[in-house]
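Note that the chains take the letters A, B, C and D in the order they are written out, and that residue 1 is the start of every chain.
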C-alpha cells in the first residue's frame, strides 16, 4: 500500500487576530506544522491547535520562524547560526510543552518563511536548525525541501528527515521550484492539483513547467489551509488520493 | 546530615542588556530559577545559563513570568487562568528544550514577580500554575512561598513541591513576610543574614520582627545574585552553612 | 442645525493579520480612533488608515492602549501613572507623525480597552492621560466617557474634551452603562439602534433599561466597524440621522 | 570662530536594563541621537533622556532602528522601503511627542545600526529614510555618513543634512572607514583621538591608515558614551577642542 503525508501550516492566529481555517482543513491533512509564537501564534493558540490535531489523529510538528511578528517571519534577518540554533531550540521546546500537556508525540520540525528560504541554500543555517532539532530530541524528523541544504544538513547531523514537495507549485526541469515571481509558478485548479499530487504519490514524478516528466522524491506534500479555496483544494486532494487507494498518514507513523 | 537548598533567580539578561552576576553567584547556590523570555532572558541567554548551572552542578528550574519585558514581569496583568496556564506551559517547555540540549534535568518551576505575588493569595492563579507544571511533567517540583495559595494548589494538584523562605527579608510573628514597603523589611548585613539562614536550616525557626521565635518550614532559601553585594551575601551564607556542617544541595536530589 | 459626531475604532490590523472593515465603515463615520501599535496596528497600518480617513474627510484621533498585543489591550496592567503618561505621549506622537506625513490634523485622543476602563473610575490614571495629551498638544480633544473620571481629569487639566455615548449599549436609569455581563446590555437591531442615536442627537435623551427617559449629553456617539453587521448598523445610523436633517461631522470642526 | 558638533547615541536603556552612561557623557556632547523604542529605549527612558538633554542645552535627535530589541537593531532585516519609511515616521513621531512635552525642538534624525549600514550603500533604503524625515518635518536634518547613499538621498529629497565623521575610527585613503573587522580599525587612546578630532574640526582633514592626509568634510563627529572609558574620551575631546577655541555646539543652531 502506498502512503503519503499531507503537511499543512496551522496555528497562525495571534491573540485577537484569526488566520487560517484550521478547523476546516484539519480533517484532511495528516501532519501539521504549528507556529511557535515567534512569527505567529501564542500559547493559547498553540494549545488549541495541538488539541485539534489530536482529535483528528493528525501528527504534530513545530514550525519555528524568525522573531518578527509584524513581518510574519517572512523577512530575512542576519542572525548568527548560534542565534538561530537557540531560537529553534526555544520554539521546539515550547511546542513540546503543549504536546506533553495533551499527551501527543512531537513528530517533526519544519522551519517557516524566511528561515526556510535561507536554509534552502545556506548550509550554516540549515545545520544550525538540524543541530537544534537533534539537541532537543534526536528522534524528531526534520522536514526538508527536497535536494536542499536542509536535506544535506539533516544527513550530516544524523537525524531522521523527510523531503517535501509542493502541491500547488510548478517545478523546473531540474527539480527546483519555479520562482514564485514568475507567471505560472503557483497553480490554482483544485482538480488538476489533486492529479499532480496523485502522480507524485504513485509514480514519484511530476510534469515540469517545460512539459518533461521529472522525478519527485517526497514523503510529504505541502498543502494550505489559510483560505476557503485552500480548504476545498486539500479536501479534493485527500479524496482523490483515497479514491486511488493511497493512504494519507503521518510519515512518522507510516514508516 | 542537614541539607538545605539555596535558590537564586538567574538568566535575567536580555540581548545586549546585561543584568545580574550569574557567573559570580553560581558557585554558591544549589538551584537556579532561569527566566524564560517573557519578562527577561532570550534563547541565547537561557542556553548560556543552563550551561553555567551544569558546570557547577546547580539544579535548573524554569522561572516563568508575565509577558511584559518593559515591566520586567513586575506589573500585574488581569490574565485568565487559561492564559496563565498556557503561558506557563510554553515557558517551561522552552527551558526544557535547553535542558535536553545540554543533558541536564529540569528540577522545578518557580514563578516570577507579579505572577508570584498573585499566586500567593489567588488560588485560581496558583492552580493554573500547578496544573501547567503537572501538564508538562508531573515529577517537576513547584517552588512555593510557604503557607501560600501556591502550596495549597500544589497539594491539590498532586505535584511535588518545596516551600521557600527568604534570606534577607524580615518576618511577622504569624510567619508572613513584612511588607517590603515597611521599614526593616529588607535586611542588609551579610553576616547576620548568614546567621538567620543557619538558624532556618538547623532549627527550622527564625526571629520575627517583634523578637519572637517562629517556625520556618523551608526546604529552600531564596538568595540573590543581581549585584556585587548580593554575591558577597550568598558567598557568606554558603560559607557559614558549610562551617556548621550543613550540606547545600538541590532539593530535588537531596530527597 | 444639529451636529453629531460618530466615532469608530479603526486601524486594528497587525502585520499579516486583518481586523475590522475599515474601508467599508469609513464612509459613514466622522471621526476615527486609530490604534497606535501598542495593543494593535503597526506603522504601515496606521499610515494606511490615516490615508483612508483623509480620503473621506474623517477626523483622525489617536487610540493609545496598553503595550499588550496578545491581549489586545484588554487586560489591566498595574502601570504607574508616570508609565501611562509616557506610553500615551509616545503613542500620540507616533500617530501625529503620520498625520503630518499625510497633511491632516490630529483631532483627538481616546484611550483603548483596559486603559479606558481604568480611566473611567481611577482619577490618577485619567489625569495621567489628560496630562499626556496636554503635553503633546493642549488643543487636542480628550474623548471621554460621559460623567467619568476622564471628564473630570480633562476639566482639571484644562484641555478641550467631548463626551461620548454608545449606540449599541443599554443605559441604567442613573446614566451609567448596563454592565456588559448582564442580559440586554448590548443591543443588536440596527433600526432601533438608529432611532436611539437619533433621539440622543435630537433630544439629548435615551430610554434607560427600566423604561425611563434619561438625559444623555454626548457630542459623539461610539459605533463599530469590526464586522459586516456593524457596517450595516453604522450605515443605517448615518442614513437615519441625515434623513432627519442632522449633520454628521467631526466634533473638532463642528464647534 | 570654528564650530563643531559632537553627536552621541543615548537613551539605550530598556525597562529594568540599564545601558550607557548618559548622565556622565551628556555634559560633553552637543547633540544626542535618542533610541526610539524599536531597537532600544522605552517611553519613560526617552522622556528621561530628552529631559537630560534639555538640562545641558544639548540638541535632540531621533535614532530610529529596526524593530528588533533582542538583536539591538544590529541585524539586517529585508524590510521593504515602504516598511522602512513607515517605521521611521512612527519612531520620529514618538520622539517628537516627548520633545513637545518637554518644550525642546527636534533637530535631526540619525538611523541606527543595521539600518544605518544598509543606508550607507542602498539608495532605496536611504531614500525611504529621507522621505520619512521630510514627511514628518522638512526642516529636520538628516545625519548622514559622509559620501554615502544617505547624503545622496538627502540631497535628492531636498532636506537639510549634515555629514558625520567618527572620532575613534581609522579611515582609508579614499575617505571610507576601515572595516571594523580589520586590525587598527578602532582607535582607543583618548589623547590621540582628541588630536584627530581637533584636526578634523580645524583643518577638515585626517591622517588615513596609510599615513596620507585626506579631506574630511564633517559638521558633526560621532562619539560614544556607553562605557566609562568612552566618557573619559568624550570629555578629553571636548576639553581639547575648547582649549583651541573651537566651539562645540549643535549643528542645527550653529548654522
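To be clear about the criterion, a contact is a pair of C-beta atoms (placed from the backbone, for glycine too) under 8 Å apart; a residue touches a chain by one contact, two chains touch by 3 or more.
This structure is a prediction, so every number in the text was calculated from the model and none was measured.
Looking at subunit A and subunit B, the chains that touch each of them are C, D.
Look at the contact of subunit B with subunit D and you find the same residues on each copy: over half of the numbers used there are shared. Centre-to-centre separation of subunit C and subunit D, using mean CA positions: 39 Å.
Rounded to whole angstrom units, the spacing between the C-alpha centres of subunit B and subunit C is 44.
Among the residues of subunit C, those in touch with two or more other chains are 42, 70-71, 83. Partner subunit A is touched in their complex by these residues of subunit D: 67-68, 70-71, 75-79, 83, 114. Only residues 13-19, 40, 42, 69-72 of subunit D touch subunit B when the two sit together in their complex.
Contact residues on subunit C toward subunit D in their complex (touch as defined above): 37, 42-44, 46-47, 82-83, 86-87, 89-98, 100-101, 132, 135-137.
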